[in-house]
Each structure stands twice: as structure tokens, then as C-alpha cells.
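Multiple structures are listed underneath, in C-alpha cells.
One chain, chain A, appears in both complexes that follow, with chain B as partner in the first and chain C in the second.
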Partner chain A sequence: MGKKYNVKDYYCKHTTRCSTEGRKKSKRFVGHNVLKADAWDKVTGDAVYPDDISFDDMLHIKVKRAVHPHAVLKNIDISKALKVSGVVDIITAEDIPEVRQYGLIVRDQPVLVGVGEKMRYLGDALAVVVAESKEAAKKARDLIKVKVEELEVITDPFRAMEDDAPSIHPDGNILITHHLDKGDVEKGFANSDIIVENKYQTQFIDQLPMQNESGAAFYDERKGVVNIWASTQWLHDIQADVAQSLRLAKNQVRIIQPTIGGAFGKKEDVSVHIHLAIAAIRTGRPVKFTYTREESMITQSKRHPITIYAKTGVSKDGYLQAWETKFIGDTGAYASSGPAVVHKGMYHCTGPYNCENVRGVSHAVYTNNTFCGAMRGFGTTQAAFAYESQIDIIAHKLGMDPAEFRKQNIYEIGSTTPNGQQLNHSVNARETIESAVELSGWKGGNSK
Partner chain B sequence: MKISLTVNGQLREVEITPYTRLLDLLREDLGLTGTKEGCGKGECGACTVIMDGELVASCLVPAPQADGSEVLTIEGLGSRDNLHPIQESFVETGAVQCGFCIPGMILASKKLLDENPHPAEEEIRLGLSGNICRCTGYAKIIDAVMMAAEKMDGRESDQDG
Partner chain C sequence: MKKYGKGMASIMFGFGYGEGFPDHSIASIEIMEDERIQIKTAAADVGQGVITTVIQIAAEILRINPENFEVIQGDTHKTKNSGSSSATRQTYFTGSAVKKAAEELLANIYHYGSIEFRSNHPELGVENGRIFLYDDPDDYITYWELARRVKESGNRLEAEASFFPVTYEPDEKTGQADKVYVAYTFLTQVFEIEVDTDTGIIEVLNVYSGLDLGKAINPKNVEGQIEGGTVQGMGMAVMEDQIIKEGKTLNAGMTDYLVPTSVDIPKFEHSFIEDEDSEGPFGAKGVGEPTLIAASPAIANAVYDAIGVRFYELPITPSKIKKALKEKNEENK
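And now, the complex of A and B:
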């Protein structure tokens, strides 16, 4: 039988961190509306976003992208493109043999795909065109001729995990597997009166910040430093990744953050940075590169589509007894933040509800889709779709009010998450449910 | 080709190609980078300016079409030291986050308030429906327009016609 999981009182007696007394408020800021220091520049149009940066003598970049989501590059012909008036440089992989792959967690992403190498999604870069104007760069880019040998395109992670599926990367298509084990799920299911088992599927979502990926760069030859003004959410990680990719010391790469027009996780990854740096170093002139919206959609990260299996056991009186789950995350062509996102989602498989016995496995799987990375919630929004649906379905089967069912299983001070973290302070889940009930006008009852 | 147009009260002559967009003319030829490009397809409203009294998506207006017109961009509405009441209200209500949509939002608000000085919330939502914001959830932007309507109450509309 279930027992009420409440150790709040114990923790309030034995820890100093969950004092019920109100904290001292800062007189200047906390609890007051503070005018934002950058608002004036933003309401007058004075704020400088990356694409607002201009230098005299500045060149413009356009990138030739993959022509197929999974193919070997057999030949790339830039001869016609080079004849376009205004073209200064066209860079292909053979021009930069020393440049290394990059990536936030796993360095699996090529700066340019070379002849004999694979393009793994439609955003892979094949050539960087540098020209006096955007129009010239675009015209030349469209004149680049490419020959490829097409491979099977894998758009479904379940196909990717089959034994006979071609490997998108050398080490196979399962990028990473994580396990979760808490308590004893077998015992938990044995103690359950009702077991509910379901499969949930979420979809790709673009973070869609208003400002597309954009930046400008200038190489200071005297100091040997490349200066990159570009939108990013990780200045230091991007600096380190650009430096290792170009085999420069970190102090030879300066990342300068202009005003950033939204990100929501999409700007954690390298986008324009390395192409800008290479073009700036090779030409010795300032360069600018701004993605179009289509390019941003095709090339940069998405929220992972995750297939979630959830098997939940509950006692007659409405206490969760066991929760078993499986997360299959489509991480697309490159790892980005995928290894962290998919297993973080799994760690949240029970949501804010107490369950002593939890077991799970998660796989982040490569496909030929656009790569997936960080987006607000970092895997937990996908998990929420599954666990909140489970909770509603179980409440319905029990004939309980779903709000009451939630409240009697809700996290409190002292609760332990599936990955074993004990929550010692600031747990407001109950208040959240109560507010939601009040604000929505929920009258209680069940849908039976 | 050469065209002339009045931008923020100043007569400007600009050498353009037939396929230059009004957005490029403003940003690249005149250096008025307060007007933003979000989608390039007239969907998001970041490039909104007021042309001959009408709200337009400047990414969809061929520059030759702007010959002889009068254009107002965010730079022409007010400056840091002399904010327009709508700009003031956006600052005071906390309606600005990343700020990329704000120049378009403010110009759409101006057009709305010029025509309807006391809009209801629904009318504000409709008036700003061509402008997407991804940060704020719109609530404070609507507060800002409400506050601006109060501030501008009793003042003569500063738009002719």
C-alpha cells in the first residue's frame, strides 16, 4: 500500500536551508520593477545587433550547402563561380586541410565537407564564397557544381538503430545510451493495482529567435588575433571550439557579443563563427555573414523529437508505485547538446511526482535530419508531455480528480528525483498545482 | 537608377538597382539599421516602417516603388534624449527583452494610436497582429500601448491625415 511521502517537517527541523521565515529583501531591486538598462537603445533603434555591424572594405559570405541529406561528395567544381565579378575567394575543404571538426560536446561536425567525405544533412557546408557584395556571393554560390554518390537517407531513429542501417558516423548510429535505476521497479509493479503503459511522440520545433545567426569578423594580422562579433550563448566555449578547430591559441580568438536578437538555445552551437574566421584570415579584410531564415531553419539546431515509452504502476488509493521508461531521441546529423538533452529528459520522466521505484534507458540517435540541440527546458518539455498525459490517464482510470491525484503525489521538501537528487529547498510544485486549479476555474471531479 | 524619397523628414537621393528592397536601401544605403530583417518574407513584422502613412513590410517593398514617398523609421520617431511617448511606455512597462521586434512593434503601435487613440485590448492585439515577438508573450507590449494611449491622451496626433 502507498504511504504519504512527506518528510518536509523532518527537513525543516534538520536543515537551515528551508527556513519558513521570509528572506531579507534587497531594498533596491528585489520586489521592485527595475527599468532595464538596455531598453533605451532598443526602443530607439540604436542597439547594434550583429547584422548592423559594417566596416569599410567589408566582404560578404554565402555558403554552399549540401545537395542531399546523406551522400558522398565526389566532385566540387568552382571554376564558373570564380569568374563571377566581385568574387574574392571560394574556400573548399582542400584549402583548409589543417582545420579540425567542432562541436559542443562531441567534435563530430566538419567545417567543410571534402571530396570523398560525407554530407550528413542538408545544412552541411561544402564551400564558403567570399565576395564584394551579397549578390555576387549568392550568384557565385549558385554556380558551384557538385557531384555526389547518394546513400540511404535515414530520417527515423528506429531505422537508424537497426543492424543493417548504414552508419552515419564511424562509431554507429547510437550516439549515447544512459541508464536510470532507483529502488526496485519489479516490486513496485507487484504492489500496483493498475498499470498504464503508453507511447508518446514529440516533434521537431525550431526555437525561432527573431534574429537569424549573424556575425562579422576581422583578422588583426599584426597581433595574430581574429576578432569575431557574432551572436552566441556560450562565449568561452565558442572561443575554445573555434580556436581548436583552427589550431590557434585561445588568446588568438576574440569573441565579442553584440546585442543578441533572441536565442532560446539555438545560439549555443557554432554557426557563422568558423567560416567567418577562415574568410577573415585568408582575405585579410573584414567579412560579414548573415543566415537567411531558410538557412537558419535548415542548418541550426532544433528541439529533439523524442519517442517516450512510459509504464506506470499505481495503488488503488492513488499513490505512484513504479515507473519504467524509455527515451529515443532523434539527435539528427550531429551531436550538439543531444547527449545531455535526451538523458536529462529521462531524468525528469516522473515529472514533479514522487515515485520510489524508477527504471529507464535513453538513447540519443543519429539520423540525417537537421541536428537537435538545446531549446528551453533541455529535454524536460518532451518528458512533460508524456508524464502529464500518464497522470491524467491514470487519474481517469482510478476515478480520481486529476488535481487531487497530482497533489497527493507531488514533490515536497525532502523528495528524491529519479536520479537521486534530494530536494532540500524551494519546492513550490504544490502551490503551482493549487494556483493552476484556482486560475483555471477547475471545479474538481473526474472524467469517468 | 536614382530615386529620391523623404526619410524621417530629410530628402534623400539614393542610387539603387531595380531589385533593391526598401529594407536594404534603409539599412545599407542610409545606415538606418534600426529597421530589422527577421524573415525576408513579410511574415514577422521586424522590418515594419511607415510609408506615406501606411504600415509596410520594407522587405516586400521594391525600392523603386518608394520613389517620391515619405518614410518614417524608428530613428525618426524619437531619440534617447527625446523619446516618443510610445518609446517611453515600452521602456517603463518592461516590454523590451531581446528588442529585435521592438522597432516594428513601436511603429505598428504608432499607426494604431494615430487611427484609434483609445484602443481596447482586443484592438491592440489586432493592431499588432502583423508583428511577432518571441520573448515577451506580448502581455507587457499590450500594457505599453495602453500606457502610451494614456500618455498621448489630449495631445494632437502627430501624424497628418
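And now, the complex of A and C:
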């Protein structure tokens, strides 16, 4: 805390100089434990995270969020809030009619929900309060009065897919469907001696980076460039999305990355960026916006809960014959990375095992839950819970050591994935089993 | 009573965006007159260590100590697209782009050096930031001096490169394609656990990992990924659960949303399979995401081994364990 930067000092501290004591005499660097270049700054507290950035004359933002997970906004009254001492600006949708929706893959997220429009989850923004202090902004935000017309709240993707379910978005509740079809699953099951069929269910998980969403912004009127200091996992993509939303040229949006306090997928989406830019442009002053943990958990993406049906056929000598699967992913109120996550899970449905006959379908489905997006593993984490449970169950049914059953079916050079991709290099899956068996002294578990 | 169990999981992970997405990374590198070598990349270091990784790669190619390097990262007006720090792609993509840029720069060091020495590259040595003739190593030119001379001639000692591998979009009806992902990382983990049948608490004792990663650019950072990823996977397996009822989160804070802490961390042993056989830099593959994936099924399999109960829903919380054990006891009566 306490670091202050001049608004002209656009760079803050984003150059990392390597320090590597002890390797001076070495001629080899790859394959060696060179000390992390940013370690010193991080352990001494010199690293500048977004919330450490503070400018003179800086304003603070708080956002009024949706009051119901699925409702039409009928009226928003900011008159009392405007009277709070220290409030500089309160921005609602009617102030920014030209601003467009944003989103990582599908631009389905409103910057602010306007009167007559729908809020689709509790993280939707209704108003941006800009004030001289965080306290004033918070006080004013809590005085904003909202009237809504409540709609059915859809919390379950299976309800969302029913014919009589209200559409959360104009094109219906199934955001996207993907298919897999390799070989002949009917034939594969006919050749199977054992068929194991189960349903698996995973949960909402927060990526929980230590650093919440946070950023600062300043509009350079002379250059016509809005500078945003905020952490993101993909600078140029956020830049493009912010620019299209605000109808600016790409080079009018400059994203500068302070030190990032973790991400795990959560910082792929726009969070503070567009609200910061609008407030900076309207007020002409530096602005800052940091989410609370509660706001972060409610507003930003989650790991998809996925319902996975897996039907696996195997011959009595322990070779996989067929695999049929279905993935239903709850993508929540907005698409985010949803169009890419659920089917990536399905594309990994058999795990690293040879199976000639595979069929699958996946749906990413809108609900009124907090939207789901990217999190470390990106759908394949959920998939692995299902396929590695199936493999273990089958090994026990066959009376085989689970390690031996795995090795018997494991990918090698020349194997094909559920997508029909032939693996032509770097396939050492068998060696991973052998080394884990050796390290652990595996003898097949208690059942052996 | 505490019941011991062992469980295994093997996983694969196709890294990079793949699926025909124009996934690529651009990096540049320049030797400055003031004894700095500057790498420019937009690759976000979210803690995984991509800054260190690209420095090590460039240092290896340019044969000079990492402490001479600085990285400008994270400024859309100073760097070109490096793609996202996700999809387990930065070591492979940005690492490759930096390697290619460093190779091009090394070739230019030889080119301009050969002009200075009125010689050709087989007769030139390059080491520790110096260029010299093998015949007379004491008569050298430093990189910094070379950069100054090149600048005087109106050029710069710099290079830019990109890495842009091809993948194909899967067929809409069948999901089939020749190359959906650039490559796959493989991991097997064995978990040793104890289930407390009175409290329902699962304690993870030991985790043994075999990781097929091609090459560990920085072994310590890979260990960090394995341990961090595995503990995050343990959270998914036994405790993490954002409870959303009627659209409302009931545990929006770290008081009620449980995550593993230092007391939950097991002992680890790792084995790296380093065949240097991938098309990434020095044969490296990505490891970020794969390290999380095996934990939840391996723990579920270990729970089955310990108490004979199979769980199909995550997380496997103490209350679920106790309920299942109670049901099992009643069945056996």
C-alpha cells in the first residue's frame, strides 16, 4: 500500500529483470532450477498488484448488481444515491446507449442492464457508482432503488432444456451442442462381455485466485486512449472486447498488466475493465475498482457442473470395445468459455485408452446460475472423474489389477483419440503408469 | 477407525486451443547497448513462471546468463499477441516463439560478428555474451558493443518470431479431424489416503506422480505445478462446492467455501518422463492443467479401496462418507 503513481507513468512496474545468483558459471539454463524471475519482488512485497495502484485524484467504483436471478428491470431510481456526499457520477444503461454487449466467445453479456431488459443472474450490473471514496460509493450504491418483474428462475439445465421452459436468451437455452461419432458403438457393445453404465455429477467450483478482480483506469484525452491496468490472462483479447463494446479503435484501448495474483481461468473474462473505462472517460479522472470476494464469487465464472453419462463396454479379456457418453454442462447465465469447455471434456471421454467405437453428445445449457467458464482443466477435469471411475469399476469387475487393466488399453504411438486424431509423437502414457506404480510400490490396492 | 486405501488415475490432456482455432504466439527479443537483453511478450505470468521459462530458453540459445535478461510483458501497446495463459499453452507456444526469435538473433550475432571480424561463422565463437575468433579469443566484441555498432549502421540487433502450429476443426456431425490438438500430456497419479470412519474425513497421505512432459525447462517450477495442481484437485474431490440455490450463492466467502490449506497438503514424489519428443521448445509439453485432473478420480478410487463405497458425485464430503457407511452397515445387518 501507499505506492502512488503519476497518471503519466503508464508503465507502473511491469518489466521483470531476472536475478539468478549461483548460476553465473553455468553454460546450460534449460533443465535447471533458475530462480523465478519474479520471486524476489513477490516475497519482499515490491510486486505491484492492481489493487496496489493508486493515483492522485483517484475515484472509486462500486456496482449495483441484479436483485433477482431472472427478472425484467422495470425501474431504477438513483435520486437518493446521487445526494450522497462524494458521489461524482452514477451511470445507468440509459447513459450509454451506444455501448455494445461483450463476451469471450459469444457477445451475450450486457455492460449494464437497462429498463425493460432482463437480468439473468445475480451478478448482472445495473448501475456504476463513481465516488471520491469507496465508502461513499458503497453508501450510494445501497440507496439505489430497483423495481423488477420476476420471471421463473431456472437453476437446473435439465429444466432449461424442457420445451415449456422460458428462454433465458433469445435463441433458446441450449447454447451449443457437439457430437462425437467414431467407429460403430452398436457393434462394439455387441462384442462386449461386460457393460458398465453410470451417471456422474460434478459441482460449481470457484477458481479462487488470491487476488480478486481489480483494476485502475485513466483516460488520456489528448491521445484519445483509455489506459486500463488490470490483470487478465489474455491482454489482446480483452483489449479487442473492450474496444468493440465501447466502439473504439483497438489502439484506443491500452491494457497494462500489473502483477497477477493468480487466475486459474477466472481472469479470461472481462470483469472490471469496461466499467472502469466508461467511468474514466466520463469523469476524466483516474478510477479504481476492486471486487470483494463475495462479488467475485457471485459475478465471475465458475467451473461447470457437468452431468456425465458413461456407458463402457469391455471384452472378458479386458479390452475396451465401446464407449458412449453424454455431457450436460450448466453454463449459467452467460456463454463465457462455455461453448468450448463442455465438449472439450467430451473429446477426452475415454481417457488415454484405445477404444475403436465411441459416440457422444454434449450440450452447454444456459441457466440463471452464476455463469461458468474456464477453470484449470477446462471440462476435461470433470470428464476424468467419470472415465477414471469407469476404468476402476471395470477393472474390479474383471478381477484385474487396475494398473494392469490400464496398461493393457493405454495409448501408444499410432493410437487414435475419440476425435480420430492419430497420435504420432510424444505418447509416453504407459511410462507414466509404470513410474507411478514403481514410486508408490503399487500392488493393486487392498482388494488384491 | 481409520481405513487405508490406494487409488490410481491416468489422464490425458490435449493442450493449446486446438480445433482449428488460429492459436499463435508472437515474441521479440533485442540486445540493447546498456547490457540488457529485452524479451517482449504479452504472455501473462499468472504465477506459473512463464517469464522465467522464456528467459531460460533465450539464455540457452544466446549462451548468456539469465541475469542479463528482462521481460516486458503485459502491455498491449508494447507487445503483440501471445494468446492466453490458459489451455496449458504458454511454454509450448510462447516458449517456441521466444526460441525462434532467439535463434534468429543468434544468427544475426554471427552475421554482424562475421562482418566485424572479416571472417565467417565457422571461425567465430559465441559465449557469455562475447563474439571472438577461435584463433584469438582475447580479441572479443561484447553483445552490447555489437549492438552499438549495428545501430550505428542503421540496424538493430533484434528479432521477432511467431509460433503458429496447424490444427483442424472437428467435423460438425462426428467430431473427427486429423489433428484436433497440437499434442497430449499424460499423467498417472497414485493416491494413498486414510478415511476416518467416525468423522468421515479423508486424509491424503501420499501422492506419487508419473508425468510425461517431454522436457522440464525448470524442474522446480514443474514440481510447483504438480503440487499446486494436485492440491487444487483435492479441493474438488473432497471439499470445494459453491452452493447456488435458486440462483443465489449461499457460501460466497472463504468462511463457508472450503479449500485445502497447508495442513491438508500430502507428501509428494514425482517422476518426470523426459523423452524430449514433443514439438515444443527443447521437446517440452505443457503441464499446467494436467496436474489437477487426476486427483478427483484417484481419490474416489482410493475411497472405494478403503471402505468399499463408490461415489459418483463430487465433492466426497465427510457427511456423504458417514451417510454411505451408515447405509452400508445397515445393509450388512
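As a working rule, the second predicted complex is superposed on the first by the 417 of 448 C-alpha atoms of A that agree within 3 Å, B and C clash if a C-alpha of one lies under 4 Å from a C-alpha of the other, contacts with A are read in each partner's own complex, and residues count from 1 in each chain.
Definition applied: a contact is a pair of C-beta atoms (placed from the backbone, for glycine too) under 8 Å apart; a residue touches a chain by one contact, two chains touch by 3 or more.
Everything numeric here is computed off the predicted structure, so don't read it as measured data.
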### Message
For A:Ile260, using the defined touch cut-off, is the partner it touches chain B, chain C, both, or neither? Pick first, second, both or neither.
### Response
both
### Query
When the two structures are overlaid on chain A, which partner does A:Val43 contact: first (chain B), second (chain C), both, or neither?
first
### Message
One more residue to check, A:Asp52. First (chain B), second (chain C), both or neither?
### Response
first
### Task
Mind working out whether A:Ser435 is in touch with chain B, chain C, both or neither, as first, second, both or neither?
second
### Query
Is A:Leu122 in contact with chain B, with chain C, with both, or with neither (first, second, both, neither)?
second
#### Entry: Larger contact residue set on chain A - chain B or chain C
C
### Task
Please work out whether A:Ile410 is in contact with chain B alone, chain C alone, both, or neither, and reply first, second, both or neither.
second
### Message
Going by the contact rule set out at the top, does A:His60 touch chain B (first), chain C (second), both, or neither?
### Response
neither
### Task
Take the contacts of chain A with chain B and those with chain C, and give the residues found in both.
33, 35-36, 38, 208-209, 260-264, 293
### Task
State the interface residues of chain B toward chain A in the complex, per the touch definition above.
27-28, 31-41, 44, 46, 73-75, 78-80, 83, 87, 90-92, 94, 96-103, 106, 132-135
### Task
Write out the stretch or stretches of chain A touching chain B in their complex.
33, 35-36, 38-49, 51-52, 54, 208-212, 259-264, 292-293
